[in-house]
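Just below sit the structures, each encoded as structure tokens.
Next come two complexes built around subunit A: one with subunit B, the other with subunit C.
Then we have the complex of A and B:
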């Protein structure tokens, strides 16, 4: 009689996966992160922006789904702060405000964390702007008509950075960390010629990758946590992207083991049924 | 070192509450879910209120009297909740759809349709440019894109002498879509595992400080 494999409860499988994730985060196995040209292109483009250039970071979607982009965004914020670029955060959905705040805090670029950036001078967080496409077009056309204050209620004219930003002509680059990237490509890159970068979520990458072919040298994308890990490597930090890639490596082994066990169980049962 | 920030403790507690679902439905999970739902709705309402307040301030100060139009349209849209007068809401909805379509139509055509066609045509030439891996990639893209479009355009087609080859193309198109959906599901699983990693990362690094 064939050996019977005991049935695994789903709780045990979750416990195993949880243990794998935890071990990978606490004790990373120092996996090599191969560099991709796409990530390198984004890094080099930002490196080549003149000091003081204004970069807009914005878009719309849900915090939980956008979180994957934070790995690249945090590393990129560190790079932009180091290069003395100026950043304006443009949230077009309610939860984008928190997403931007989360990235700024995690990047530790503000002077309150010992970073080089000062609020109002080097970066500004705008409030939620309702209207999606219409709001974006209005913002690009005339910033000060589209929005009157920053997220804390300070009039824009009192913020030194905002005195230099009047329309899309003052923006050197648009970075999107949200699923609503097509909106950015359509109005920012296609209509106004501003280069755009999308720190894409893995699930969105395949759908939006054709934009890179449509606008070569204008649209750039990185791929999920792998892109994040690559960006962290370029900036010289080990953050969420690196931890995620370590966890993935362990996880893939666990998935293969579960697939093999599942198939053996199925084949054994088929044999028993035939007997 | 373990965090002393009460917000990080709260975040950790809610994360653990959410993960407790993996053991089965339980009161801790419900606390987490209700807290999350309540917070999101509360936040949206507060954000909406302050957005409205700041947006319409220039109307009341007399700086932008034209804002009376969106204010009236906004009030009209609330009639959607009143069945007898729900038709009133159709006017602001029509304006919204009209403006949205007007703004997006040109950009959408230029980017997603004309841009895509241009990209496929320009990539056809790259099939002959090494390295081999890129050549294969471009070849797949240039062949797969028109066949997938063909499948969508000719979902319903009239019987004719060309039916047989068209049927073959449609079948290939169907498989191309299945490959794409498979890739999307795989990527979505990667993303969900990534979200789990990021929440555990916060627990381990920010809360426990390990």
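Then we have the complex of A and C:
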């Protein structure tokens, strides 16, 4: 009679995964981060923007879903601060303001963290603008009509950066770190010709990848935490992306082992059924 | 025709048409006047969206207060939510949405919990894969092999050792996975257009309550 492998209870699998995560956190391994062309293209494009260019960062979705994009965004903010670019954050969903603040704080680019950026001169956080597509179009058409103050309630005319931003014509690049990227492609890139970068969540990448083929040289994307780790490598830091890929390296081994184990279990039971 | 019927049948549809035109007008009509009208309508749209936040708040409270008064199922959660909403509103107005303390409180509560919920999916996903990726048929074999291939090739250790792994991942994502996703989106888009037309023509039962009058 063939050896019969018992079915593993889900709780055992969860316990093993928890142990793997714990090991990855306590004892991270040095992993190589190979570079992808997609990430390198984004990096080079931002590197080639003239000093003082205005970059808009914005979009709409939920913080927890967008967190994956923050790995790339944080590294990108460091790059933009180093290259003396200017950034306006445009939140089109309720939690986007918190997401943008999280990225700014984690990137440590503000002068209160010893960074080179000064609020109002180098970056500005706008308040949440309800209306999704309508808000985006209104913002692109006439910034000062669409929104009167920044997130602190300061009139936009009192902020040096906002005095240089009147409409989409003043924006050199749009970076999206939110799931609602089609909205950005539609109104920002397709209708107004502004290049856009999407630090895509891994699950969203496949859905939105055709935009890169539709608008070559205009739409750029990176892939999830892997893209984040690659971007961090280009900027010369180790952050959330590297940590996530570290844990992933451990986890993928467990994933493969469990799938193989599942198939072996099935094979032993098939033999039993035949008997 | 009574006022209620008039509002339900026509006014809502007219308002929807005006809203749709606000998006299309400046795209199809190249004139400064059209741009001014379109921009004005976009700002109206934003203002209405802002107002709907207050409407949402009132709706939630009317529902929750009724539930609490009548001790309906889950009334405790409604009470908890009703208190929490007020606390967060006062907190936000007092310290500001962009303050460090608000950010800290938000990250330590809502965001951490939400991320934890999403993080749990990894546990469920792998235990599900253990049971589902059993290659009994050709279909499950293809499905399991593709998933395994992407998962393995995506690991930095693998793609650093075998540079072709990176190309394999992006080929899978850019072509087969993308095609499937786009097919779903296009189907949804066509369905959305058809649904929109049906709603405007009053054919969709219950939509805008037009057929209920």
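Operating definition for what follows: the second predicted complex is superposed on the first by the 248 of 275 C-alpha atoms of A that agree within 3 Å, B and C clash if a C-alpha of one lies under 4 Å from a C-alpha of the other, contacts with A are read in each partner's own complex, and residues count from 1 in each chain.
Operating definition for what follows: a contact is a pair of C-beta atoms (placed from the backbone, for glycine too) under 8 Å apart; a residue touches a chain by one contact, two chains touch by 3 or more.
If you're wondering where the values come from, they're calculated on a predicted model, not measured in any experiment.
In the three-chain model built by superposing on subunit A, subunit B clashes with subunit C. Using the contact criterion defined above for the overlaid structures, shared-chain residue A:105 touches subunit C, although it does not reach subunit B.
Applying the stated contact rule after C-alpha superposition, one finds that A:258 touches subunit C and leaves subunit B untouched.
Contacts of A:8 after superposition on the shared chain: subunit C is touched, whereas subunit B is not. With both structures placed on the common chain, the touch criterion links A:210 to subunit B and to subunit C. In the superposition on chain A, A:186 makes contact with subunit B only, not with subunit C. Contact with neither subunit B nor subunit C is seen for A:48 once the two complexes are overlaid on the shared chain.
With the complexes overlaid on chain A C-alpha atoms, the stretch of subunit B that clashes with subunit C is 97-105, out of 25-33, 61-69 or 97-105.
Residue overlap on subunit A between the subunit B contacts of one complex and the subunit C contacts of the other covers 10, 14, 18, 64-65, 67, 97, 127, 130, 132-134, 137, 191, 205-207, 210, 213, 248, 251.
Those residues of subunit A that touch subunit C in the complex are listed here as 8, 10, 13-14, 17-18, 31-34, 36, 38, 62-65, 67, 97-98, 101-102, 105, 125, 127, 129-135, 137-138, 141-142, 145-146, 151-152, 191, 205-207, 209-210, 213, 223, 226, 229, 245, 248-249, 251-252, 254-256, 258-259, 261-263, 265-266. Contact residues on subunit A toward subunit B in their complex (touch as defined above): 10-11, 14, 18, 21-22, 24-26, 64-65, 67-68, 70, 94, 97, 127-128, 130, 132-134, 137, 148-149, 153, 182, 185-187, 190-191, 201-207, 210-211, 213-215, 224-225, 240, 243-244, 247-248, 251. Residues 19, 22-24, 43-44, 47-48, 50-51, 54, 57-58, 99-100, 103-104, 107-108, 110-112, 115-116, 118-120, 122-123, 141, 180, 183-184, 187-188, 190-191, 193-198, 200-201, 204-205, 210 of subunit B are the ones touching subunit A in the complex. Per the touch definition, subunit C reaches subunit A in the complex via residues 22-23, 26-27, 35, 38-39, 42-43, 45-46, 48-50, 52-53, 96-98, 103, 106-107, 111, 114-115, 117-118, 122-123, 126-127, 129-131, 133-136, 144, 148, 151-152, 154-157, 159-160, 163, 166, 169-170, 173-174, 177-178, 180-182, 185.
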